[in-house]
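Both complexes shown next keep chain A, but they swap its partner, so chain B is in the first and chain C is in the second.
Take a look at the complex of A and B:
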């Protein structure tokens, strides 16, 4: 039971953070080099999705998922039209030559505020590389599960 | 000789304590005490319901996505925090290191045994609370003995001296187990909790190890009191 509680507490802490920041994924890993030199591949980003003091404005670094794809993209807002939850935003990676129009879904020229899962409020360099390794070398996941299983079996409870 | 075949590491305090803790319910239940599992039941109920809540949260998040289930998730997190907090309080304040709760076979007294050890000191502190039938009168007994009294040098648990310690010190257990109680009395009660400096000097000169049966025989001949040298080896 103790091991189960450890897992569920970790999960609930993640969910608590998620609810507090109003973001489905409050911690993301930078997957590409499109925001260099600010963020490198493997950095861990902390997100906040509540507009308590001001709206998401031009110049903020935001994370969004392209419709239909599960990959989070971390870019900077360069244009904004309108205000409130239906504002339209255009993003561009600092290290990219062109803006994100090609990355959006077919026929979509702007992002809605609703598509954004959070603005970056903090980061930790390099820590996210573990996640990248796990997704690029899936056998690592099996190894990790195996080790966890061993620990449970050898424990007293 | 009632020595178990499994060996534990004698230097590992957690192992010593856990093995001794496991022996107490075995011993008392074998004497006819009726064990009460209320403490364990509440703890498991709190723990598993918290786990079930987390599993449910995972399930609806997986099926319906984050946005539509935000409210439920917020409520679940709050409730989970309460359950986990309650579980922690229960374990720390209500259980307080309790190892066994049960009622005596004939007198009907409630016996509650809790144990503790201090870090890196090989002494077993047992606290026994005896409440008379009907909830009258609370007696608290504290026993502190060295683990060396019931573990041999290799790490095998020897049941007889452990049972004698309990039967000799706690009247309720002694009544239920007269054989061990009388044995404890005949050996003069409290055994020394550690080797005295004189004993250690004698051992060093005799050039034997301080733990193990060789040491017991060596100290047996030096020790004052009614202890016989081969006491721990006898059935």
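Take a look at the complex of A and C:
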């Protein structure tokens, strides 16, 4: 009962944040070192996907998805041509020598606003490392589930 | 009720609460620190347009602008104990052929021509540098965890890091181009901030961060074989 409550609270908070920021994934974990030294692997980023005062501009750090690839990429916008939803955006990781043209889908030279799932506004170091550990060492997942199960079984109310 | 599992849970939840409160307090101290960045000089020193290819195996020819510039700026007030790095960048901006808004937040063409990461001494170990440069960087701020003097930039006749073009491949003889200096403060924890358009309490805008309007010249020479590294 208690356990279910915690899970549903967490889920609702996530969805609430998602509605507030208009982003399908309002919090992301950094998976690569391409934005070092600003972001390391495992850092937690808060995203905002509304253009209340101005458009997504050059210099903003955005998270985008490329067609056909599941992994969201966190990079900085370095060029913008045109305005509005059709503006052409080019991104680059601060720690990379070259821009992201190579990372985009075949035949795609620029991103559009709709490819972006949010701009980074908040930063919390290291907290997301748990998720990296869990995905890189699957046995940890089993262990954690086991411990949780044990706690649920042993807990007396 | 008072089993060790419950105690463990309580200890863990107390730990996370304290950690988040401390992080929030640290992040909020940013607001108290005044920010008074200023720009002394931002001007172009040499502007060229050359023809080149986007990459070695491309047969497409495009025009690339190579804008050399000088910059004198004092961004030292942006460094405090929660500053991890300062990302400084210079953009070139120009209006579209249609002749809309011009330079501004929504200038229709904007491209970074130069950027620089200035780490705070507390983040030096994270910088992507070779061993010699790293040693030099660390020695430059030995014993200091904050070094505002790194925010004083004085750059003369700097080559651009990025040669820029336009999706149409044409940039030569473009009028009304300006350079603009921007910064982005990356905190250790909290909110990322950029140069703002208006004063907000103790944070002042970055004044004088625009260069004079200039015109990109026509293509330099026919046999100019400088490869623009995109």
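Just a few scattered comments:
Simple rule for what comes next: the second predicted complex is superposed on the first by the 156 of 157 C-alpha atoms of A that agree within 3 Å, B and C clash if a C-alpha of one lies under 4 Å from a C-alpha of the other, contacts with A are read in each partner's own complex, and residues count from 1 in each chain.
Everything below uses one rule, namely that contacts are C-beta pairs under 8 Å (C-beta built on N, C-alpha and C of every residue); 3 or more make two chains touch, one makes a residue touch a chain.
Predicted model only: the values in this text are computed from it and were never measured.
Placing chain B and chain C on a common chain A by superposition gives a fit, with no clash between them.
Once the two complexes are overlaid on the shared chain, A:85 sits clear of chain B and of chain C alike. In the overlay built on the shared chain, the residue A:101 is in contact with chain C alone; chain B does not reach it. When the shared chain is aligned, chain C comes close enough to touch A:125, but chain B does not.
Chain B and chain C, viewed from the C-alpha centre of chain A in the overlaid structures, lie at an angle of 130 degrees when rounded to the nearest 10.
In the superposition on chain A, contact of A:146 is made with neither chain B nor chain C. Between chain B and chain C, C touches the greater number of residues of chain A.
Contact with chain C, but none with chain B, is seen for A:55 once the two complexes are overlaid on the shared chain. In the superposition on chain A, contact of A:18 is made with chain B only, not with chain C. After superposing the two complexes on chain A, the closest approach between C-alpha atoms of chain B and chain C comes to 5 Å. Common to the chain B and chain C contact sets on chain A are residues 156. The residues of chain A lying in touch with chain B in their complex are 1-2, 4-5, 7-9, 11-12, 15-16, 18-19, 22, 24, 156. Touching chain A in their complex are the following residues of chain B: 18, 44, 47-48, 50-51, 53-55, 57-58, 61, 65-67, 70, 73-74, 76-77, 80-81, 84, 87.
The touching residues of chain A, counted against chain C in their complex, run 36-38, 40, 54-55, 57-61, 76, 78-83, 88, 94-95, 98-99, 101, 109-110, 120-125, 151, 154-156.
Those residues of chain C that touch chain A in the complex are listed here as 1, 3, 5-6, 23, 54, 84-85, 87, 89, 91, 96, 100-101, 105-106, 108-112, 115, 117, 119, 123, 126-128, 162, 164, 166-167, 182, 184, 186-192, 194, 230.
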